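Next, two complexes with subunit A in common: one pairs it with subunit B, the other with subunit C.
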Partner chain A sequence: MSVRAHPTRTRSLQYVALAGYLIFLGFPLLWMLSTAFKSSQELADITPRLIPSDPILDNFGDAIDRADLVHAGANSLQVALATTVLVIAMTLPAAYGLVRYKTWLRPVTLSWILIGQVFPVILVAIPLFLILDQFSLTDSLVGLTIVHAVYALPFGLWMLQGYITAIPRDVEEAGAVDGAGRLRILVSIILPLLRPGVVATALFTFIASWNEFFFALVLIQDPDKYTLPRTLVRFVGASDQVQLGPLAAGALLATLPSLVFFLLIQRRLTAGLLSGAVKG
Partner chain B sequence: MNATRAEIARPDRQAGRSRSGPTPPDGQDAQSRRKGPRRRRNEALPLLLPALLPVALFSMFPLVQGIYLGFTDSRAGLDQVTHFTGLENYRDLLDNGLFWESFRIGLVWAFSVTILQFVASLGLALLLNQDLRLRWLARTLALVPWAMPPVVIAIMWRMMFNPNSGPINSWVRGLGFSGDFNLLGDFNTALPAVIVVGVWVGMPQTTITLLAGLQSMDSSMHEAAEVDGAGALRRLVHVTLPSLRPIIAAITSLDFIWNFNQFALVYVLTRGGPGGETMLPMLFSYNEAFRYGHYGMAAAMGNVMVLIIVAMLFFYLRNRLRENA
Partner chain C sequence: MNVKHLAGVALFACLVASCATSTNESDDTSDSGDSEGPVTLRFNSLAFQEPTIEASKAIVDAWNAEHPDIQVEYVQGSWDSVHDQLVTQLQTGKAPDIIHDESADISGFARQGYLADLSPYLSDEVKDAVPEGVWDAVTVDDKVIAAPTLLQSYMVFANTDLLQQAGVDIPAGETWAWDDFQAAAAKATTDDTYGVAWGLAEPTATVTSLGMNFGATFFDGEGDDADITVGDPELALPARIHEMTYDDQSIDPTSLTLSGSDALPGFLHGKYAMTVQGSYVAQQLVQDAPEDFHWAVLPPLSAESAAQAANPQTLSVPAESPHVEEAAEFIDYFMAAQNLAKVAEGDWLIPASSEASDAVAADTGGDNGWNEILNSGEYLTKAPFQSVTNYPQWDDQIATPALQKYFADEISLDELQAELTDGWADVSGG
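Entry: the complex of A and B
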């Protein structure tokens, strides 16, 4: 084929394709970034430009005031942190149990993670709403936290058990030979080795809860308890042309925490997925 | 799914071995059995309980209840009594034209997004597998949608599609068309526009999974094909794709499920409009349940969605298995 006769042509075609992907993936991000710095006059201009002609910072202050971002951010932070702590506390012993004791629960747990994907959340959301309502846990950040924790749990369990599997049994047995008890082994041998895994799982759980929208929409009606995604959606409904700048600024601010956390675990996450996917 | 199947198979085999009675296969196994599998299982239970109990209470139990609700006339309201009505909801659904229209839209959406996601991600994964400059940037950018709240992604694309200040609108005008184009608000273009956003959102998982598959591939087959004179395209079709088949089947199945059950993205982009043109089944059943209070009917829709997904996966994966044989 002629492609092999022109290796440089192949290369340049590859770069053209790569440039296409970079634009498709990156341009919307740049556009939101630029909108956040545009004045309302510039946004009304009929010929939009990527680089703001007269960049301003007002939109950020505007967004914080008008969309009540600080309050919603505090709610989001509360829910995401509590969810993360709950998930780690619940999955850490369970992941260890799944790996070290080969019970029938292991295949059941892993299949539940897959089967759970098939069911649309609407099936769970209606009864969950009714159950939580009985305990006055709708319109409550506690209720939302419980739901987020339960839904982040299976994946967290799967992630952690992968990290535990990677710890060789010999390490534990060496501890046992030295006379350490089971708890001692867990706390002083396994836990330090597991720290990267716990950190990755915690950050992943945090991101999932921080970004979650459906349950926040169903369970929370009181604007005082809105999480960030919920508040932003209300802002979308209220926004006209003039408010695009503040909306972009607010959306940008709401993304920052999960984006930063994500960049921290990005390498490890992909590495884990890369090794996980090839096992079969 | 392939990876998980292997994961699941492993403990099964071991359980089978220890159950296989008094014939010890080797010394080590006999030793570990002396501790007694019963005792070991009892030790595991308290470790697992804190995780299993909440999942059973707040996930499995509501799910079972939700499936049951689909066979009742449950409604929102204080003094509503719920009756078991059998298949009545489903008979009503059969006559509900809007519901079927929503399903048609949902299938068009899920198939288009899944296929386009696959093609786009395969192309990107093949490029990322090459030694190209700026590869790191493409790789990071491909992952970013994963970290963003779906609500923010939708807001971002609303700005891209904005009929006044959006860049897409000005590009269309640049092509010689005149006027303002509200692609998200037009009957003919709303669904394609939303599909583009769907593809953007789904790039991370698909690209990374396919890249993982490419990187784990045995390169000797590739080299042999190259020596035999097979060009790049033929190597892709006859060597790369067949050896990726299990991974492709797994990720496209998952993508299809996720896309069919998509909610937040389209809720913020269009709310199902204009005129129901992007009313995915999830949005339809959300409205049914939480705007109109028809819990039973909404749950029935959820059940039909499960049936459709399972049927699709069955046919898809059955063909895959046959191809493998």
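Entry: the complex of A and C
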């Protein structure tokens, strides 16, 4: 009896801990949702409530009209999707090469990539601006996409490298024994096995680009090319003045596409594809 | 290649093509400064409240209609990011032709030579309408590096019902003595109510500005060549706040850890009889206060004087702009009394020009605290700290944590004095 009770209690505690963690992670989103439906009078209430007492939709209208959210959302989508495609297209072959061809270049390259990540963005902002300006890529979504891709590449490379390392060489050798060439092995064997890694990398890259603010602030001046984070900042004023309702409504709307993107591809984030691929 | 692959390639091609289109559009609209046709100036505006944004856009539209050869493009900027934006834009020569900022921030860029001297271009009407002390706040190395537009002052906002219940007469003079304020706060403090809520999470700006009431200067000298003095006048305001908090117990100690806006809900719900806030808070009270909440803006506080630091919002022109004269001409137009009045009313700020101030008084009838707010404008003047290069670093790293500790009753007044003085030696390399 006690033997059966223990696992049940442990499992219950695990669920409680998991629920607590979910609330911890989800509460800011819930609060943002609640704020988006509150009037400025209710936001000034001394007793904040999670459920708005008199929900309003005005904040959404304000956010959409004043911050031109639809247009900014389209710009963000272009930049984030193009960044994701670029990063995957470049990191996939690079990561495969680094893992499978173990030359002296590998540690040098990986160290160089890591070193590049330690510099704060503000340090490179001005040189980067000047370089992009040489190619007429400032105030341009192409320039912003290139910068986002460059910043996402190291993380993508490290991530995919881990996934490729986990694929046993035996799988490739088995393909070779069956007569498949290098390209065939890559396309028909490695890529399907790498799908969860590619999906995870794409997801992180998309979200990083979607949320990026600093380079969008520095590089983009034309309001027609503002991305979502760049346009939402207009609700923050001087001396800690914030138009909280429209800001929360705008932020909520800006979060939705990345949530939808995640929901669409999260089922591809399945692990265990390699189970049983190699005997013993 | 299957359908999925084709779709992927097509999607990528579309994305690149659409981005490329955006680049071409950018090239078409840019203004080289040498081409034929109208000059186009970019105006990065930081107007915040919707009426101010509308008023600013209306000024731009009116200008564009009257000046077909000099067109101004309105771009909405943000206070939260303007400094980072200007650091890059000014260093790379890509700053907007008309820069909206505030004196405390823009002066640093001016000292590095990034801003044009506007004095040859501004009209006598504009020059005469702004008080000398406010011009001083935008003068660097004898150059007028900006036109001052709007200012804020620190005001006492009162729940008049609570004050009257406590038997405090609502002051009606030109200024209100600190001793009377302290006495009123003590009188209004009950078991359920504190006399004052004062959001001092970031206390340095308040202490250096409002400290001028007691003759505080803090700094002597300009630029990199400045010395600090922390004597009785500089310590008078922190000591007064400490005394009201821990001896009189008329300031809620919790409120000292909040930002100004965080202290407002308690004020609106009768937890505090008074609160010290930036003048712009009147806009929020008009918008959010319950109908049965009766409030007033009290006259500016005064000890030796009612002086406060003038940190005006500013309009500047980059020295590298190919159209300094045209941009300055637009700024002069923007500074016209009726224009400045409309912009000031939306953000509930004090116009820098006396004529605009009169126009606001006429438009508003002086209601909702406008009389007191506009009157406080006459006491705003340049503060010594505004000319000191290392002041922002001293503010962040030394003064703010030291004042926070003092207001939390963790250090004594002598220790505060030592921390402020020794800390200056650290940040200034002295």
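As a working rule, the second predicted complex is superposed on the first by the 206 of 280 C-alpha atoms of A that agree within 3 Å, B and C clash if a C-alpha of one lies under 4 Å from a C-alpha of the other, contacts with A are read in each partner's own complex, and residues count from 1 in each chain.
In the analysis below, a residue touches a chain if its C-beta (ideal position, glycine included) is under 8 Å from a C-beta of that chain, and two chains touch if they have at least 3 such contacts.
None of the values given here were measured: they were computed from a predicted structure.
In the superposed model, A:Arg66 makes contact with subunit C only, not with subunit B. Of the two partner chains placed around the shared chain by superposition, subunit C is the only one that A:Ala82 touches, whereas subunit B remains out of contact. Contact with neither subunit B nor subunit C is seen for A:Pro55 once the two complexes are overlaid on the shared chain. By the touch criterion defined above, A:Pro168 lies against neither subunit B nor subunit C after alignment on the C-alpha atoms of chain A. Comparing subunit B with subunit C, the partner in contact with more residues of subunit A is B.
Of the two partner chains placed by superposition, only subunit B is touched by A:Val124; subunit C is not. Of the two partner chains placed by superposition, only subunit B is touched by A:Tyr21; subunit C is not. In the superposed model, A:Gly181 makes contact with neither subunit B nor subunit C. Contacts of A:Leu141 after superposition: subunit C is touched, whereas subunit B is not reached. In the superposition on chain A, contact of A:Pro196 is made with neither subunit B nor subunit C. Shared contact residues of subunit A, touching subunit B in one structure and subunit C in the other: 43-46, 122, 125-126, 130, 214, 217-218, 233, 236, 241.
Only residues 8, 11-12, 15-16, 18-20, 22-23, 25-27, 29, 42, 46, 48-50, 75-81, 84-85, 87-89, 91-92, 94, 96, 102, 152, 259-261, 264-266, 268-269, 271, 278, 280, 284, 287-288, 290 of subunit C touch subunit A when the two sit together in their complex. Remark: subunit A residues 40-41, 43-46, 66, 75, 78-79, 81-82, 85, 122, 125-126, 129-130, 133, 136-143, 145, 214, 217-218, 221-225, 233-234, 236-242 touch subunit C in the complex. Here subunit B touches subunit A in the complex through residues 1-8, 11-12, 14-15, 40-41, 43-48, 50-52, 54-55, 58-63, 65-67, 69-70, 74, 120, 123-124, 127, 130, 132-135, 137-138, 140-152, 155-160, 162, 164-167, 170, 200, 203, 208-209, 211-213, 215-216, 231-234, 246-247, 254, 257-258, 260-261, 263-264, 267-268, 281-282, 285-286, 289-290, 295, 298-299, 301-303, 305-306, 309-310, 313, going by the rule given at the top.
The touching residues of subunit A, counted against subunit B in their complex, run 1, 3-4, 10, 14-15, 17-18, 21-22, 24-29, 31-32, 35, 43-48, 50, 89-91, 93-94, 96-98, 100-107, 110-114, 116-128, 130-131, 146-147, 149-151, 153-154, 157, 207, 210-211, 213-214, 217-218, 228-229, 232-233, 236, 241, 244, 247-248, 251, 254-255, 258-259, 261-263, 266, 270, 273-274, 276-280.
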